[in-house]
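Below is the structure I would like to discuss, written out as structure tokens.
Naming follows writing order (A, B, C and D), and every chain is counted from residue 1.
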């Protein structure tokens, strides 16, 4: 059941310049599926819409959700100013998430680029729990390899950096080529050029790719049709060739969407 | 205490409804609020055939509000009849179908398809700023508006609400034209036209360049127009534009609205409509208002 | 790096000025900021004789902005010439006199009194929504506007800026009419018409009932209108409406404004204009913009 | 010199329901004259204008200004939520203030009604310092006589309450009548009906009355002409029969203004 709820910040710290790790105590943590996201509402009256942020981790025992986000604009900058003990209103759980069941017996490659890295962590954790074989390939800008240690708890980790200061110089695709990374299925999250490259990489290599898309959102629950992406086929809900990222996504089979 | 209001012979249990396009056809929000508490659900605009709408990005936040250029994407009236009406019928609320079209003929075709359906009223969107083929033009010229209303009224077997654009020099003239054309009710405001530019990329934020501006920021414009329109015509007025709480809703009612719609703020807090309903009752209690109708236009 | 802009042959050291009515005639803010840093000071509207303005309350805050119904109170052009011009002359900035009137004759009388004064330009306010006797009408009908501009231009010995009202169906038509009448520059937006009701007292908050709506809340409307107007005419456009920082100012410039005015936000932070000037320079540095003119209308 | 400055809250507490006492550390404290006010800026982006609040006390030594205000609407409610150590931006010093010099040798009656009581405290303090004889007549709603003890440090205090639970039942005028309060000059602050009554009381008794007016303000510095009150004579600045409360006031000789 989707709902707006008050949550309490239990931890909030800067992992790298402008990259924050936020833990929220909320009953929603019990429901979180990797690939899903929540909407975090800024409090300032000038800002009325929620900010969609992916789940980076969820701990049903402590009742905490973890998000890792970049302070990109004014809303996330405002959010980054709230400390432990303060409250934040959130909308969740939003989106479909990855279908982990379906890949149980496969070799999964997790591709994360930049601020697309955090959502992959929760997938890594859950895939490990179900015994799936996982390699994570993480693409950073520079040597600031936030979350790397967290991934290493769950899977093999390969690194790329645009600067070349750590791992393969270049993108996650470059790293896969260099390392000969093998797998049946890709889960990917990152900037659009990366997702396009992943889509054709997967096609070229006969792999399946599930990619997580971003778009500007208003409602987050499928009511406003603000967040659509073009689709190859007519969508079952909209009855035209586009689909709502906030409900039918954010995770799509790369083949189905026109990016 | 009576919160019931009547619009063109249709009785609503309270004056609070959803604004078209901000509530889908109810399904999405039905898991978050009790739709049966609403005076009415006004659906997303529906056309005779499916519309693809505009390219993305379609929405963006602005100071105190948002811009949208959905472009009236909708699955078409057939899907609406098969899927959305049966869903809405499950709730004890009125169903108002927002109708869009590129031409008068398209409005009429949709209205005729709906005439024998279990819906309560039509709201004709003559004022959407996001559609290129001139739908806004219906709503910006009093003469064209009057003729359009006449044609739609001739085809409609349910009461007709005409939804007015605020992007006009004289909202009075438009209200008067709608009434002259035979409108049963008018509703306003639709969105103002707005634009946002990303200064770092030097690009329009919306693929459509312009978008419809809504949310709390537009309220003073909306209250003024509702005041002007309701003083220009005898038919009832539905007021909207930036309603975030019961105080805002009451402000519209005092300005002259017989009912109100909550739009953008559903996104901010899905329970806004319910809080508005409760808050209006609390206000009536506090000030010993027996009948909500006493408040309509009661500013002085 | 060049931040100089030229408006009708008058060179401003930078494109940032004050919006009429929000900066008095400079004296009040001169103790808070260095007026010599401004591209120009645009004064409060001045008429041929003193005007008393509207009853109080005249101002109120609204979400993200304010309403004002000052009613163009001013001490008249004689006092302005004796007191305010000599004060402003002390600073290294341009002086633009905003002129108001109830009739074309009143505009002309004021302009003629100012013709031999050391001021740089006139800004003709054909769009103030707070004056009963129809000043807004000049700004809402293209034909009346064109004739008004012609008459004022014939009398004026300095360049004439025509300040447009946003309360129109087509800002393009108004911009084109102003240009056709001979305007050297157009500026926009003046305030939107708004209303606020005190729901506890069931009274209008402003004595005048309606007021002019300004501040950050109106920016999307203003950016759109500046874009539309600047694409409709060849003369330069001064953009304003809700500018709070350099980013906002740059948004207007990218939309097509050759210069910008800061209004309401002077009240919020008296140093806004200075911060805007500094911020524009920082933006130009960051993106290696040699000449500010490269940014005018550079959105795509 | 007027300016917008950041100040730091050193104390913030609720004196009576919805009535807050706020102390701010600011260099402006050295300049404050009784009767003057500052503008306090809310931080929420929905609210752009300052809230005019009178000086209740100033301590040049500690560098603190004290204000006592009612949480009347959304802006003051927001302000009331900030605690010691947090910052507030203020505009000041605003307005003319009372001319204490001019009344040095006279008997002064201070009349405060409701939230018009606080501004009188600083006058009481300064008048006592210069040896002027002062009586304060304070009109409350009920027995919640906030600031009464503070006044008693500086002057004789008479009380009225509308409820009648303390002091004279009724208004400050009723209290003066009951107590036969004597003086040459009145300083008054309170709701408009009270100020009107004071104006005619002073006229009837051949006394001078200086009253402090309120009006909605935008700039607070005389630039917008938003805050005018009608005057008997043509004003020297505006050249019409009204004057700016934020600059020429808020304190006026009751005779000069048309209330």
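The working rule: a contact is a pair of C-beta atoms (placed from the backbone, for glycine too) under 8 Å apart; a residue touches a chain by one contact, two chains touch by 3 or more.
Every value quoted in this text rests on a predicted model; they were computed, and no experiment measured them.
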Comparison of B-D and C-D by number of C-beta pairs in contact, larger one: C-D
Chain at maximum distance from chain C, centres defined as averaged CA atoms: A
Distance between the centres, which are taken as Cα means, of chain C and chain B, whole angstrom: 34
CA centroid of chain A to CA centroid of chain D, Å: 56
Rounded Å distance between chain B and chain D, as computed from the means of their C-alpha atoms: 47
Gap in Å, rounded to a whole number, between the CA centres of chain D and chain C: 35
Residues within chain A bordering two or more other chains: 45-47
For chain C, residues contacting two or more additional chains: 63-65, 216
Chain contact topology (line, ring, star, complete or other): complete
Complex contact set, residues of chain D against chain A: 43-47
Chain B contact footprint on chain D (complex, rising order): 45-46
Interface residues, chain B side, partner chain D - complex: 63-64, 216
Interfacial residue positions of chain A with respect to chain B in the complex: 1-4, 41, 45-50, 75, 91, 215-229, 237-242, 247
In the complex with chain C, residue positions of chain B that touch it: 62-65, 67, 140, 167-169, 192-197, 199, 202-204, 210-211, 213, 216-221, 223-224, 227, 242, 247, 250-251, 254-255, 283, 298-300
